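In what comes next, chain A is part of two complexes: it sits with chain B in the first one and with chain C in the second one.
Our next item is the complex of A and B:
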């Protein structure tokens, strides 16, 4: 579907924007570096987790239940004697994969819907965008909760798809307005007069120009979805125990916050550090790509 | 003006009908047979079958939807399926009142505070105060409500035990006799909105102060503070109003997680419990009431925006 020419255009695009200039700008933005550092820290944890984690995240050891942080268990253990450090490290995997998946899938759905609406315009546009407005009138966490309720035992994939659907009205709006900006340009008219197909005009002529706002939207969705996924886990409608999921860990242990605060505080800190990192870096990307 | 109002009210009504269909059909495909849930695991096939007939569950979906809609429109919200004999209407109203208290605390205490912080951040642009406000705003808006709630409990109930960690209202007392139990949930619900509004006010204040008319006012010799209060503030506050409206959705999400964290007797916690016990009629009513409040709130924000900004012309 994507031709050689488009691929070349996109690779030039990235070469222009993510070259030395990008790193020079990043070096001068301490908040951006800090954000990238936090995100990369958790990405490393999720990739090399099994080698870093001292114990299995699901191995119970009742004799060690609720032991406070010590040299054996740096972050202590929970009520089943499971090592909190290992659970927090391995817990980064599910949340990062879901968030990454959501940002890609939701932008993809948004492109399909938003480009169709924007390109055809008129009644098609009106009907699609009104439907999107209606879908947006259900607060996103609520819609995700009810949709997840349908699935008996949600896994990473179903959480990913459902939240992507919930986010799609928002990404569709961004994709549509990005397309509308270029729709009446001369090179698009030229392609239309040449008799090019819908796919050619939209994906070869227009798409390469809309990459910047779509990347910005994708990175913002990444930060939002960490928040939503963690909240769903906390509400108990996301992944099921004994999966080491950060939100789920907070929910499981919130009753023992006075007895063993480490079982709640460390997963909460993990969530906070990842979201803050993602938002700081997303904000840097937004400012950088908008100015180029 | 009238045409605009009619169009917006029409959109709200259509949205409500469509969302009610979406919600009804989502709950329809939810696993678990209602009749089986009601009768328990050991019910006989016949008992389940007769109950299904009695409840009209064997009728086609669209007929059931229409009869449900008819009931709702006649003001009969039905009874809870899980808690026997409990009328949904008064239950939801009571819980919604408690949630409104949290939302009100957010809108009446924290939104004005965030406007002040944002305005200070905009006026001090380029100094460390401004960067500090901007970064703490980003922290506030990105941390999920239940995580900030956990931090608040840790600080104010564990390290300095001055506030209760649970918002369970003891039976026989009202929420107003337990106001200390409202403080922590109210703060954690408000933080996200606080961050968004503060940052929005900050950036719009910054850009207004950089605009030509402010420079003109300054060059005319009007004192600095007067320029800020009289000329800049009004225009800088406009975008903040839109942000408040846009974040009403986040506020509902916040209510759900914060109420579940603190065990606060509000509508969000009730929804979580209703979903967990598959109390379908209750879930439907709660979802619909939240969606209607959300739609009306959005409408009111747009309306107040156009009343405050004479440049916005509302026509159909």
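Our next item is the complex of A and C:
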């Protein structure tokens, strides 16, 4: 659907926005740098994890069970003697891909719903957005649990899709307001009196202008979804052991929190650092893109 | 002028700005917004500061007010206020002096007033916060000041909230508020720019009167030389952060010296000048941004007198003659050349026009067109408009804001669905919205929009914006498309380098040219222009108007030209329709509109047009109040609430009849034609 020229234009658009100024601005925002650093750290871990991790994350060694952090096991071991450092490093992979998937899918659903509601307005808008309000009024974790509970054995994909649906009222609101901002601009009127179709007006004229707020919303969803996925893991719905999932790790070891606190603290710290990093960077993106 | 000299000789200047430079720091560099400004304002004089947007007028005002914002700072020079060097004072001392002596009136009265406080409270608090007067005394003082602003029923207005007042009324409140602290200097930053012309005239009259009464000096900032001419004693012209010329209003108006001043004066269509008489002068290019200030004289890139010296050395403001300062190396040579004689009338276009009006065929015809908006109550934005437009002709539609001009344009083009009446385009009934019209009709009718910031898609390049219509209409692609786009850009005087520019890389004038190219890509028969130049700087406006004229001459396109600016409409149009509150009150050939008999509203409009020429005598007509709301329009003749020539109850109860002055000239008024014909012309030259 997107022609070569459109692609070129979108890329020029991005080049202009993510140019020298982006780095100039980033340099002046310490929280932004810190956030980007944390995110990049975990991205590196997830890509090069197998080379960095000293042990296999699933290899058991009962003789070494509950050993406290030492030079052999930097972050100690759990009750099966599995190396915590390796588990945390390898665990980053699943959480990052899940979070990325959720942010993309939820923004996509949001665009479809929000653009439809915003463009047609009137009764269509009312009905869709009130449905979204109902969905939003249910606590997101609860809603996700109920929906996951229906599925017999949820895999990574179903977790992604369900959390995306839970998030879609928020992304739909952002997409709708971004569309409304441009809907009454004169260039949209110009397209109308040229006789353009709905798809041309929405996706060629309006969509490229809404990319910035959608990226910001996507990155915020990314940060939130880490939290949600980890919480679901902790509650035991969603991913199943022995997957090295951070939330699952905390849940598995919560019984031995006094005996071997490192088994809980380090996965929890990993979750916190990634959530904080992603949030800080999302906040910076928001400030930067809103100004351009 | 003599009185002005006397003031100067007897007094020390009230404010003296010496060699002032103000910089703004941005992400990657410092921008010099003001560079080495020298000027003095004497007690009780009005000093007009004129320049286009981005020339530093407001920055100068804000540096006197010490309101430069987070990233602005005084980089050099000093501001002296009645002997005290403000720039050397601490923040606290500066503020103390300033709050006692200097007040400011801003451009937008709606955001200058606090929406949750009553008008009276806002004004009164100035006195009682400083404990000068008790709460009650200061309230009384506030009412008193409102009365002196010619606000009827001031006591009642004082207990109202800002949203209950009209724009002109709010601006009067702001002026009153500024005068409450009895300042010796009043700075006004474009105080009438957001107001309609008839309201503007009332405010200007008010300011004139206040000067006498309150004995304040006024610094009046505006982009409109005509307005400043009316009100100022001395005028300073600013360009790119420099003062380029300063002199009395007579000197500036009649003998401008600096090429920029000359350009500013000659690029505004003078009252009574039409396209057949002369081509508008324009200043080439547009005001450069602060990041690309040219070396040497700041104006060199746009100056026709520029020579090698101008490119290297920066001219400073020097005494040219008594009370006259000019910053130009070639001032003396320019002065010797008399004002270039006005060009001969364009005989060819005149003949062409006559031929068309004789055998012209009707292209667009509106019959009792109505557009109502229903939102709880009915807003009758367009209420029974009938008029027609001939091929290769221009019909100008003029009226103040809220008269339904834009709604009418949007209904004709199909963006809105008409509530009643018919639109005939080339004989075909097209009274339906765009999605129910056929492709051919859509192509034959194009529109040029008002706001250059919103008319082009910020995410699309010029190639795509202009090319899209060609692709849709002719289905061409590749090198042929490329060739056609280039041709169109050439037509609107843009080079091939604009092909891949994005809208944010262009100035307002360039964007409007692209928008015109987009309209002409479809080879239309009718182009609806909705205030296409009203957000452009005056020097750019004239080149866009010239472009529209050239295109019309080449392609025989008809224009429906909508504007609030009577001079522009008169210059460009063949026929003019004057609208008031959704109805047409007068329509005719443009010469007929500008000569008696007038409709009383047309008369008032013409009298309110600012004229930057001290030789032109203009009779000012003050209209009462402001345009009533279209939700509940006055009965009978809609203009009766403000009409200075109202006959009596007949105007309130009966719709005015159409008086046919000639076959093409209609006036809707109860006053008999003989009476209207006796009215003296509003404008006299000489």
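Heads up, the rule we're going with is that the second predicted complex is superposed on the first by the 288 of 292 C-alpha atoms of A that agree within 3 Å, B and C clash if a C-alpha of one lies under 4 Å from a C-alpha of the other, contacts with A are read in each partner's own complex, and residues count from 1 in each chain.
Keep in mind that, in the parts below, a contact is a pair of C-beta atoms (placed from the backbone, for glycine too) under 8 Å apart; a residue touches a chain by one contact, two chains touch by 3 or more.
Treat the numbers as computed from the prediction; the structure is a model and nothing was measured.
A.B. asks: Of the two partner chains, chain B (first) and chain C (second), which one does A:24 touch, if any: first, second, both, or neither?
C.D. replies: The answer is second: A:24 touches chain C but not chain B.
A.B. asks: Name the chain, either chain B or chain C, that contacts more residues of chain A.
C.D. replies: Comparing touch counts on chain A for chain B and chain C gives B.
A.B. asks: After superposition on the shared chain, which partner residues are touched by A:134: those of chain B (first), chain C (second), both, or neither?
C.D. replies: In the superposed model, A:134 contacts chain B only, not chain C.
A.B. asks: In the overlay, answer first, second, both or neither for which of chain B and chain C A:186 touches.
C.D. replies: The second partner, chain C, only.
A.B. asks: For A:237, select first, second, both or neither according to whether it touches chain B, chain C, the two together, or no partner.
C.D. replies: In the superposed model, A:237 contacts chain B only, not chain C.
A.B. asks: Going by the contact rule set out at the top, does A:212 touch chain B (first), chain C (second), both, or neither?
C.D. replies: Neither partner.
A.B. asks: State which residues of chain A lie in both footprints, the one left by chain B and the one left by chain C.
C.D. replies: Touching chain B in the first complex and chain C in the second, no residue of chain A appears in both lists.
A.B. asks: So in the complex, which bits of chain A are touching chain C?
C.D. replies: Answer in residue numbers: 5, 9-10, 12-13, 16, 20-21, 24-25, 28, 185-187, 189-190, 192-196, 205, 208-209.
A.B. asks: For the complex, which residues does chain A have touching chain B?
C.D. replies: 31, 130-131, 133-135, 137-142, 145-147, 149-150, 152, 223, 227, 230-231, 234-237, 247, 250, 254, 257-258, 261, 264-265, 268, 271-272, 275-276, 278-280, 283
A.B. asks: In their shared complex, at which residues does chain B touch chain A?
C.D. replies: Of all residues in chain B, those touching chain A are 11, 14-15, 18-19, 22-23, 26-27, 29-31, 135, 138-139, 141-147, 150-151, 153-154, 157-158, 165, 249-250, 252-253, 256-257, 260-261, 271-272, 275-276, 283, 287, 290-291, 294-295, 298.
A.B. asks: Going by the contact rule at the top, pick out the chain C residues touching chain A in the complex.
C.D. replies: 27-28, 410, 413-415, 434-435, 437, 439, 442, 445-447, 449-451, 454-461, 464-465, 468-469, 472, 500, 502, 504, 515, 518, 522
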